[in-house]
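Once you scroll down, you'll see the structures, which are given as C-alpha cells.
Each of the next two complexes has subunit A plus one more chain, namely subunit B in the first and subunit C in the second.
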Partner chain A sequence: MTVATSPAFRTIHPRVRKPRPALMRWYRRNERVVLSVAGVVLFFVVWEIGSAAGFVDKFFFSSPSAIATAGASEVTKARFWDDVRITALELVVGTGASVVLAVPLGIFIGWYRRLSLTFDPWLNFFNALPRVALVPLVVLWFGLDWNMKAVVVFLGGFFAIILPTVEGVRTVERHLLDVSRSFRASSRLIFTSLVIPGTLPFIVSGLRIAVGRVLAGVVIGEFYAQTQGIGVMIYKAEASLQSDRMLFGVLIFTVLGIVLYESVGAAERYFQRWRPVREDEA
Partner chain B sequence: MLGVRNATLALSRVNERLFFGVIGFVGVLVVWETTAQLGLYRKSLLSTPSAIWRAALTDFANGSMAPHITTSLSEFAAGFAIAMAVGIPLGLLIGSFRRVDYLFNGLLAGLNATPNVALIPLIILVAGIGYEAKVVVVFLSAFFSVVVTTFTGVSTTAARHLDITRSFGGSRWLAFRTVVLPSTFPFILSGTRIGLGRALVGVVSAEIISANQGLGFYISLYGTFLDTARVMLGIIIFGVFGVVIGEGLRILERRFEVWRPDLHR
Partner chain C sequence: MTIDVAREPGQHMALSARGVQMEYRDRQTGHRLLALERVDLDIPDGAFVSLLGPSGCGKSTFLKIVNGLILATAGEIKLHRVAKGREDAMVFQDAALFPWYSVVDNVAYGLVCAGVSRKEARSRAVPYIDLVGLKGFADKYPYQLSGGMQQRANLARALAVDSAILLMDEPFASLDAQTRELMQAELLRIWTAARKTVLFVTHQIDEAVFLSDRVVVMAARPGRVIADIAIDLPRPRSLEMKQTPEFARYEAQIWKLIAHQQPSDTAPVP
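On to the complex of A and B.
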C-alpha cells in the first residue's frame, strides 16, 4: 500500500438515494414472511402441476386439489367428527395427565438431591427408550380402547417433561439459595420466588420436546389398535388406496403440530424474556 | 490440606452419584421381582426380572435373537447415514443463502412438525413392507431435524464475525470454512442427537406396525402371544441402545460445549 498513489484528501459525497417504490419497501420489510409463504405455496403448486403432468405419481401422492376435495367431503361426515373427538380426547387426557403428574413429581424429586440421584438411571432409561416400543405392553394392560392411547400419549409426555424439570430444580443457583437461607427466608418463600421461576423455562423446553412425542404417541397408538381416531382414518384410507383421504389426515396432524410448536415457542419466549441477551446471541 | 479435603469431597460426590444410582437401579429390580413373586399382580402384565433374564439367555443362546437385532440395526444405520449425508450439506446450503433460508423456512418447519410416523402408511404403500420401507421411515424421521438444526445453526452465526472476515478481505468460502462451519458444528451435533432419537422411534414404529423381522416385530409378535418376558426383553434392548447412542452424542457435545449457545430442543 503506497500512500503516494492515492490522493491525500478526498471528499466523500453522501450518495443520494432514490426512495424505493412502496411495494418494494413493504417487501424488504416483510421479506422473511413473504418468502416462507412463497416457499409453501410453491411446494403445493409444484405438487399440483406435477401430479397433473405425471411426474408425481397421483396414485401414491395424490394432489393438493384432490386432498382438498377429499377433505371437504370428509368434514361433512359424522364419522370424521367422531374420529376428531376421540383423538382430541386421547391427546388432552394423556397430555394433561403427563403435565399434572410430571411437574410436581419432577420438582419433588429434583429438590432432594439424593432422591434425584436414585431416580436418575430409570428416568434416563425411559427417556432414551423409544416409547412406542411400550405400545404392545400398554395394550396388554389397557386393551384397545381410547384410554390405552391416552396412556401411550401420557408416556410420551411424562418423561419428556419430568427430566428437564428435575434438572431445572437441581440447577437453581446455589448462591441465591444460600443468600435466601442466610436471610431466613421460609422454604415456602424460597420455593415460590426461586425454585418455581428458575424451573419454568426448563418445564417449557420439556413441553417443546413433549409436543412431538405426544403426537407420535397418539398416531402410533391408533395405528396399532385401529379402533377409532384420525390415525385409524389414515390407516384405513391407505388400506383402501385412498391416498387423498390419507394425506388429508396427515395434514391435520401437521397443522396440529405447527400450532402446538408455535404456542410452546411463544411460551418459551415469554418466560425467557427476563434473561439478559448474551453477546454471541445478539 | 484444603486441596486434599476438596479432592476427597469431590470423590465422595462422584461415589454418591454412583451409589444412589445403583441403589435406585437395583431397588426397582428387587421390588419388581418380589411383588411379582408375592403375587400382588399377574405376572403376565409385567413379567419379572428373572423371567426376562431367562428369556434373554435362551434367545441369545439359540440364535433366534441375533437376526432381529441385525435387521433393526442395519435399517437404522442405513436410514440414518443417508439422512446425515443428505441433511447436513442441504442444511449448510440452505442456511448460507439468506433468501433460500427464508424460502424453505416455513416448509421445513411444517414438515418437521408433522409426526413422521403418520407417513408410515404412505411409505408402506410406496415402498412395501420390506427393508427399504424401514430405511425410508428412518431417513424421514431423522432428516428434518438434521436439516432444520443445521440451517438454524448457519443462520445464527454471529454476524459480527462474518463482518470482520469480510472487512479483512476474506472470501465467502473462507468465511464459510473458518466462521460458519465451526459455529454450526454444535448445532449439527444436537441435530444429530435429536435425529437419532427420532430415527429410533421411526424404526420401532415401522417394525411394530408391519414387518416380518426386527426387534419391533419381536416385541409386537410376543405381545400377541402374551409372552411379556420377551416383550420386556425387546423393550430393554431398545432402551439400552437408546441410552448408549444418547450418551455417546452427549459426551461429544460436552466436548464442544464451551462455545455452544443454548439450544433446548
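On to the complex of A and C.
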C-alpha cells in the first residue's frame, strides 16, 4: 500500500460513530418535543418567578399561578359554562354554515367560467371589505343574540373558504380533464374523480385562513354585543380589573384555535395521503 | 366532420380517415391557420402505424380528433366497430395519472367511465397491471412511481378498456434515453400479447422505425402527410436491430424527407 502511505496523498477516512450514552440517544430521537416543551415551560417559569419577585407587574400581567387559580374558580360557576356553551354555539353554527355554503357554491361558481366572471367583483369586494365594519349593521339586522354573532363568524369563514375554492376549481389540471373526456366520463364522475379531489388542497388552505377569521369574528361579535360568551367574560373581567380572569379567557380562545388548526391539519393529512410527504412536514 | 363507426363486417380497416382538415382562426389577427390539410390515412386491423413529424405538424391534433377530444373542421374518420367496449383509447403524453388514485384505481378509470362498478373495474384492471410489468405496485400512488412506471400505468389504463385501437401520443417523450429504449421494447412485447391496432405519434425517427409496420411522415404549415413508408423489418424485433444497416437505411430515408422541409417551419401551430 505505497499509495495510501505516500505523503503526496491525503487519505479520507470513513466516519467512525462513537456509541452515545442512552440519555443522549433518547434526546436525539425526541429533540423536537423536548425543545418545544422546554420553551413553553421556561416562559411560564420566568413569568411566575418574575411576578413573585416583582419584575413583572402582577396588576397588569398577572402570573401563571394566579391564572390557574382564576380558571379553577371559573369552572365551578354555572355562568362560565353558559358562556362556553354560547360561544361554542356561535362558532359551530357560524363556521358550519360558512363551510356548508362556501364549498358547494365555490365549486359551482368556479366550474362555470361565466358565473365566475360575474361573481368575481363581488367576491373580491367582500373579501377586501373589513368585516368588522359590518358588525353594527349585523346588530341592526339580527339584534344582540347569539345568532348575530354567528353571522359575524359566518362572514369571516365564508369568504376565506369560497375564494380559494373557486380558484381551485378554475385551476383543475387540463390534461387530467382531457383524460376524463377521452374516456367519456360522465359529468358526475368528472366531479367526483377530478374536480373535488383537485380542489381539496385549496379548500383546506381556505379552512386554515377561516380558523383565524371565525375566532376573530366570535370575539369581536361578543365584545360588541356584550350579552353572553367567553368574549363577554374577558370584557367584564377588564371592567373589574381582573387580569387573571381576562388571561384565562384569552387562554380558552388560544386552546380553541390550536384545536381547530390541528383538526384542519388532520383532515388535510387524511385527504392527501396521495401526496408525497415533504421534508419540512416530516 | 363526422366520426363514423363502420358496421360492415369484412372491412379490415381499423381506422380510415378521408380529407381530415383542421382549421383555426387566430383570434387577434383573424387569419386562418391550417393545422391539418386533407389528411387521408388507412390503418389495417392489428397494424402498428406511427405518425412522425416535427412539432406543429398536427400529428397530436389528428390523434385527438380520432379520440373525439377535438372536432375537425372537415373530412371524416371511420373506426371499425367492436362488439363490446370502446373503439379507441388514448395513451397520454405526460402519463396524466390521477395523483389521488392508486395505480389500480388509475388503471380501472377507463372502465369506471364506461359504467363498470368500481369493484369489478379494479379486478379487471389487475391482469393489465401485470401485463405492463407493474405487478406488486397496484396500491402505490403515482408519486411513488418512476417516470417509466407511470407510463406503464398510463398504457395499462388504455389497454384495460379493451379498445380495438390504441392511440399513443408521444408516450415516451419525457423519459430519459435508456428508459425510453426499454419502454419501446416493452411496448412491442405488450403489443404482441394484446394484439391491438396502434396509432403511435412521435417525433423520434428511430422510435417510429423500430416500432412500426408503417411510418407516416408529416410536415408542418400546413400539417400534412408527405410520405407513407412501410418498414419491412422482421418481427419480433429487439433493440439490437437498431444497429443493423437496414434500420439505418430507413432512418436515413426518413431523415432526408424531414430535412427537406424548411427548418423555420417548426414553430408550433397554436
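Throughout what follows, the second predicted complex is superposed on the first by the 256 of 282 C-alpha atoms of A that agree within 3 Å, B and C clash if a C-alpha of one lies under 4 Å from a C-alpha of the other, contacts with A are read in each partner's own complex, and residues count from 1 in each chain.
Please note the rule applied: contacts are C-beta pairs under 8 Å (C-beta built on N, C-alpha and C of every residue); 3 or more make two chains touch, one makes a residue touch a chain.
Because the structure is a prediction, the values reported are computed rather than measured.
K.L.:
With the two structures laid over each other on chain A, which partner does A:Arg184 touch: subunit B (first), subunit C (second), both, or neither?
P.N.:
A:Arg184: touches subunit C, not subunit B.
K.L.:
Determine, under the contact definition given at the top, whether A:Leu194 touches first (subunit B), second (subunit C), both, or neither.
P.N.:
A:Leu194: touches subunit C, not subunit B.
K.L.:
Should A:Leu137 be classified as contacting the first partner (subunit B), the second (subunit C), both, or neither?
P.N.:
first
K.L.:
Who touches more of subunit A, subunit B or subunit C?
P.N.:
B
K.L.:
Should A:Phe253 be classified as contacting the first partner (subunit B), the second (subunit C), both, or neither?
P.N.:
A:Phe253 contacts subunit B only, not subunit C.
K.L.:
Should A:Leu176 be classified as contacting the first partner (subunit B), the second (subunit C), both, or neither?
P.N.:
second
K.L.:
In the superposed arrangement, does A:Phe60 touch subunit B (first), subunit C (second), both or neither?
P.N.:
first
K.L.:
Intersection of subunit A residues contacting subunit B with those contacting subunit C?
P.N.:
none
K.L.:
In their complex, what parts of subunit A are in touch with subunit C?
P.N.:
Residue positions touching the partner: 175-176, 178-186, 189, 193-194, 197, 272-276.
K.L.:
Where on subunit C is subunit A touching in the complex?
P.N.:
Within the complex, subunit C contacts subunit A at residues 67-69, 86, 89-90, 92, 94, 96, 98-102, 109-110, 112-114, 141-144, 161.
K.L.:
Can you list the residues on subunit B that touch subunit A in the complex?
P.N.:
Interface residues on the subunit B side: 16-17, 19-21, 23-25, 27-28, 44-45, 99, 102-107, 109-111, 113-122, 124-126, 156, 158, 197-198, 200-201, 203-205, 208-209, 216, 219-220, 222-224, 226, 228, 231-232, 234-235, 238-239, 242-243, 246, 259, 261, 264-265.
K.L.:
Which bits of subunit A are touching subunit B when the two form their complex?
P.N.:
Residues 31-32, 34-40, 42-43, 60-61, 114, 117-122, 124-126, 128-137, 139-141, 164, 201-202, 205, 208-209, 212, 215-216, 219-220, 223-224, 231, 234-235, 237-239, 241, 243, 246-247, 249-250, 253-254, 257-258, 260-261, 268, 278, 280-281.
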